[in-house]
Amino acid sequence: MITQELSPVTGVRQLADTVFVCSVRSPRIASEVKPGQFVNILIEQTTDPLLRRPFSVYRVDGDRIEIIFNVVGRGTALMSHKGPGDTLDILGPLGVPYSFLDESFSTALLVAGGLGVAPMPLSTGFLKSRGKKVVTFLGARTASAVLPHHLENLQVATDDGTMGFRGNVVELLGSVWKSHTYVKPKIFACGPTAMLRGLAAFAVKQDIPCEVSLEGPMACGIGICQGCPVELVGEEKKFALMCKDGPTFDVRKIRF
Amino acid sequence: MITQELSPVTGVRQLADTVFVCSVRSPRIASEVKPGQFVNILIEQTTDPLLRRPFSVYRVDGDRIEIIFNVVGRGTALMSHKGPGDTLDILGPLGVPYSFLDESFSTALLVAGGLGVAPMPLSTGFLKSRGKKVVTFLGARTASAVLPHHLENLQVATDDGTMGFRGNVVELLGSVWKSHTYVKPKIFACGPTAMLRGLAAFAVKQDIPCEVSLEGPMACGIGICQGCPVELVGEEKKFALMCKDGPTFDVRKIRF
Amino acid sequence: MAKTAFTLAGLTLKNRVLVASGTYGYGDDTLDLADPAKLGGIVTKSLSMKPRAGNPPPRIVETSSGMLNSIGLANIGVMKFIEEKLPVLRGLSTAIIANIAASSIDEYCQVLEVLNEQEGVDGFEINVSCPNVREGGLNFGTSCPMVSEITARLRKLTRKPLIIKLTPNVTHISEFARAAQDAGADAVSVINTLIGMAINIHTRRPMLATTTGGLSGPAIKPVALAKVYEASRAVKIPVIGIGGIMNANDAIEFLIAGASAVQVGTANFVDPAAGIKIAEGMNTFCDENRIEDIGSLVGSLVTTGNVSVVDSWL
Amino acid sequence: MAKTAFTLAGLTLKNRVLVASGTYGYGDDTLDLADPAKLGGIVTKSLSMKPRAGNPPPRIVETSSGMLNSIGLANIGVMKFIEEKLPVLRGLSTAIIANIAASSIDEYCQVLEVLNEQEGVDGFEINVSCPNVREGGLNFGTSCPMVSEITARLRKLTRKPLIIKLTPNVTHISEFARAAQDAGADAVSVINTLIGMAINIHTRRPMLATTTGGLSGPAIKPVALAKVYEASRAVKIPVIGIGGIMNANDAIEFLIAGASAVQVGTANFVDPAAGIKIAEGMNTFCDENRIEDIGSLVGSLVTTGNVSVVDSWL
């Protein structure tokens, strides 16, 4: 069930140059959220910024949830200045989680680009507690942008080669793939759209099941504005909604 | 000279229910401001609130200035949450100060209603250092709304009689006037428009010189928008600008 | 407690707050978050004869205190609406106003005829801000004769409340309100979105796939209020005020300007319970100000005499 | 550094940023805070033949990301302007565009004739959003034939740049831009303020003494951009973009939409150096993006092809 929680901020800590983690006390969301779902946060009561801002749930710790975010504009800048004493109005959990309960796979390959790492710590915990094997491929611009926390069997790619594999994360996966020994693998990914497109092409070619978490502009996050269409394969110009039918999608079902 | 200073907040403290004092480091404004002048503060970089907010200068302490303010809306609510680490963009000093250099008076009667006390502490210091006698009349709704700090020879009126005289500050002044012994008195006032109108009527009737500090909507605070007209006596429909020609006016020169 | 009900052409709304077309889906997505029984009514997403997929993404972009949308009237079509959504809506204990969009007058008539027979459809709102295919895509809503003709044709087909929703993108909205009234409309809704645009300066592309879109939200509230004021002084039928209403105070401004009821749009995206909170806030305002019938606020703007400066800080 | 100059009918502006009429006084109040020599030009407050006191207070009210004003064309009159202000303006090393307001076509002509002979007046901008006394107060700017006639009459009187400033409160601004062009205007300015309103719900009075006023600021930027886009595609003469420009990125949006230059209005109230900072920011943008002539941005909007979602957070 979706709830609206006025959530006290318990802390905001800086992880990297423009990357922060915000912890809030949201007992109802914390108890219901599943990996790959997101929350929609009203950062200020003024009308600029006007709309809520969507964020993946990074971690759950008792009655607290954590959001990892990059400061890219007005909303995220304001959020980086929050601290104890402040309250955020949060709607969640929203959207369809990764289909981790799917019995057809036993190794989850978590593939993330940049802040696409956001849903992965929660995913890792969930998968491990259900006896799945987890391998994580993480891509970043450079070593200082790598966010390696709370991940399992981590392999890193950096564009500039300052850490791990030199190249992008899809190339890293491709290079590993030649000699892989993963039992019943399935890819679960999050990252920039261009990366997800490359990954989808790879997955289709290698015939690996693959789910991606998309992101794009949203007004409501709950399916009432029709603002977040994702084109479906098959039927001409038929759209799913990113917020309600996603953000996670089987790459074979969408055109993105 | 008017300057635009990015001023670090050194502290915000709560004085009463909705009343706060904000201190900022503004060396240029601190060194130039005169009592009765104001500053225009850009509280946030977002577009709601959009415009600067005008405030009297309450006190000057070295390179710091203090603003006393009442939380009445979005801007003042945001300002009450500021603290060390925040910066305010301040334009000032603005407007025409009280004419304290006027040689024709030797006793300044400072008359303030509610937060109209704002310009009075700075005024008191300035007057005393120039050898003027200062008597202060302060009106408030109730005892807990009385802000008696940094004032001289204070007489208080409260609407509910919980402190001092029961009634409004103009009635208090009237009651004192019958037996007054002030040498060459002149009134300098700030407060709600209704109170200032009552005071002006009293001053004209008793033939006391009287200056009031007005307030009302302002967009620019520096004379470029024509948004703050104050009707002048004499010429039909001729206006002065509250921000540039005021906020202090001789009550005999304006219709308000 | 103040009297809040409002009767429009025989239909009684329990209060004067509806949720606006296109901003509440078909009323079934938010049941966890807000109880529609506390609303005056729900205006459905615009319905057309056939389903419409809508425009490609991006369809929305936030602007200063507003948002642009180019949803493209995406909807499931009137038949599927009747099959799948109406049964749910019937159970919600609130008035259901079906909003209709079409690209020809005949299509408006067809959709209305299909819906008119349905139990649970309490009234109609006609979205005339639609491209008129016969006239090369020009908006029906910017032509007074077209608004007249659409209204007159639809009036013949229904005795349920018929509301014409006007576009603000015209010189004198009062002429359109009068045209709707004279052709038999029971009310006019004022306003739909303003035409607007935003550009990504790095790609030099519009932020919406359709280049321009519709501006809504608090940014447009002053424009909407002025249009409501203009329209309500021109007609005798009720005006339903829409545009940037975020809270009860905003809604009360619309009533004072001349609106008999209001619709809440973009605010639902910020808070799915916005409409309910607004209705409750209006009640509180009435109680605090000893207003016995909220209807007494309608058109109560005082425009003579001197307006004195508010000095609430002192 | 990119080429920033812009030539309009023989007048060369050093950059494409001017300050808008009514938002910078007569240029002499802000000399402490901002050096006008860094601006492309200053458009004066609207000047009429006789001084005008303007409207009673309250004249301004803030709205969400915008403000309403009803200054009422308060100005010192053209004669006093020439005596007192023009000598100062001549010394500022920036182009001076005199904005003219009038309540009859004859008055427009008189004011222009008086100013046309003055050294230091580099061009004219005609505010047609004024009440036409002969036609009972209806706005000149909402009648195409009136805009044509005003433009044609003034064109005969001056060889200096003649700019017609259009109101957005019309259905199709392109028709008005075309009317101005066809009657001989050198450019059109787009847009003046949108009609808007705000109400004090406690007193039930309008927040402006005149009931309605003009909405400006970032709230209207999307509308202004769409109007600039519409107008610039309809005419060959330059369009000067105005409306809600707060920073260099906003200004660049207007150029891409089709504006050859921009004017900065309400932003001056927030920061009297806004125009200068915007001009500088546009240079930085050009440098960073290796744009050699800022003019190459004008009308460079890309509207075909797929628009892909920006995902800058990843």
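Letters A, B, C and D mark the chains in the order given here, with residues in each chain numbered from 1 onward.
The rule is simple: a residue touches a chain if its C-beta (ideal position, glycine included) is under 8 Å from a C-beta of that chain, and two chains touch if they have at least 3 such contacts.
Keep in mind the model is a prediction, meaning the values are calculated, not measured.
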Other chains in touch with both chain B and chain D: A, C
Centroid comparison with chain D (C-alpha atoms), farthest chain: A
Selected pair, greater C-beta contact count between B-C and A-C: A-C
Where chain A and chain C are represented by their mean Cα positions, the distance between them in whole Å: 36
Distance between chain centroids, defined by C-alpha means - chain A, chain B (Å): 53
Chain A and chain D, separation of their C-alpha mean positions in angstrom: 45
Sequence positions of chain C contacting 2 or more other chains: 56-58, 64-66, 217-219, 309
Junction residues of chain B, two or more chains touched: 47-49, 216-217
Contact graph of the chains (line, ring, star, complete, other): complete
Contact set on chain A toward chain B in their complex: 44, 46-49, 74, 78
Chain D - residues contacting chain B, complex: 22-25, 29-30, 32-33, 45, 53-62, 64-67, 69, 71, 74, 217-219, 246, 266, 268-273
Chain A residues touching chain D - in the complex, by the definition given at the top: 47-48, 69-70, 72, 76, 113-116, 191-193, 195, 215-217
Partner chain D, residues of chain B touching it in the complex: 1-4, 42, 47-52, 89, 91, 216-220, 222-231, 237-239, 244
Contact set on chain C toward chain B in their complex: 64-65, 218, 308-309, 311-314
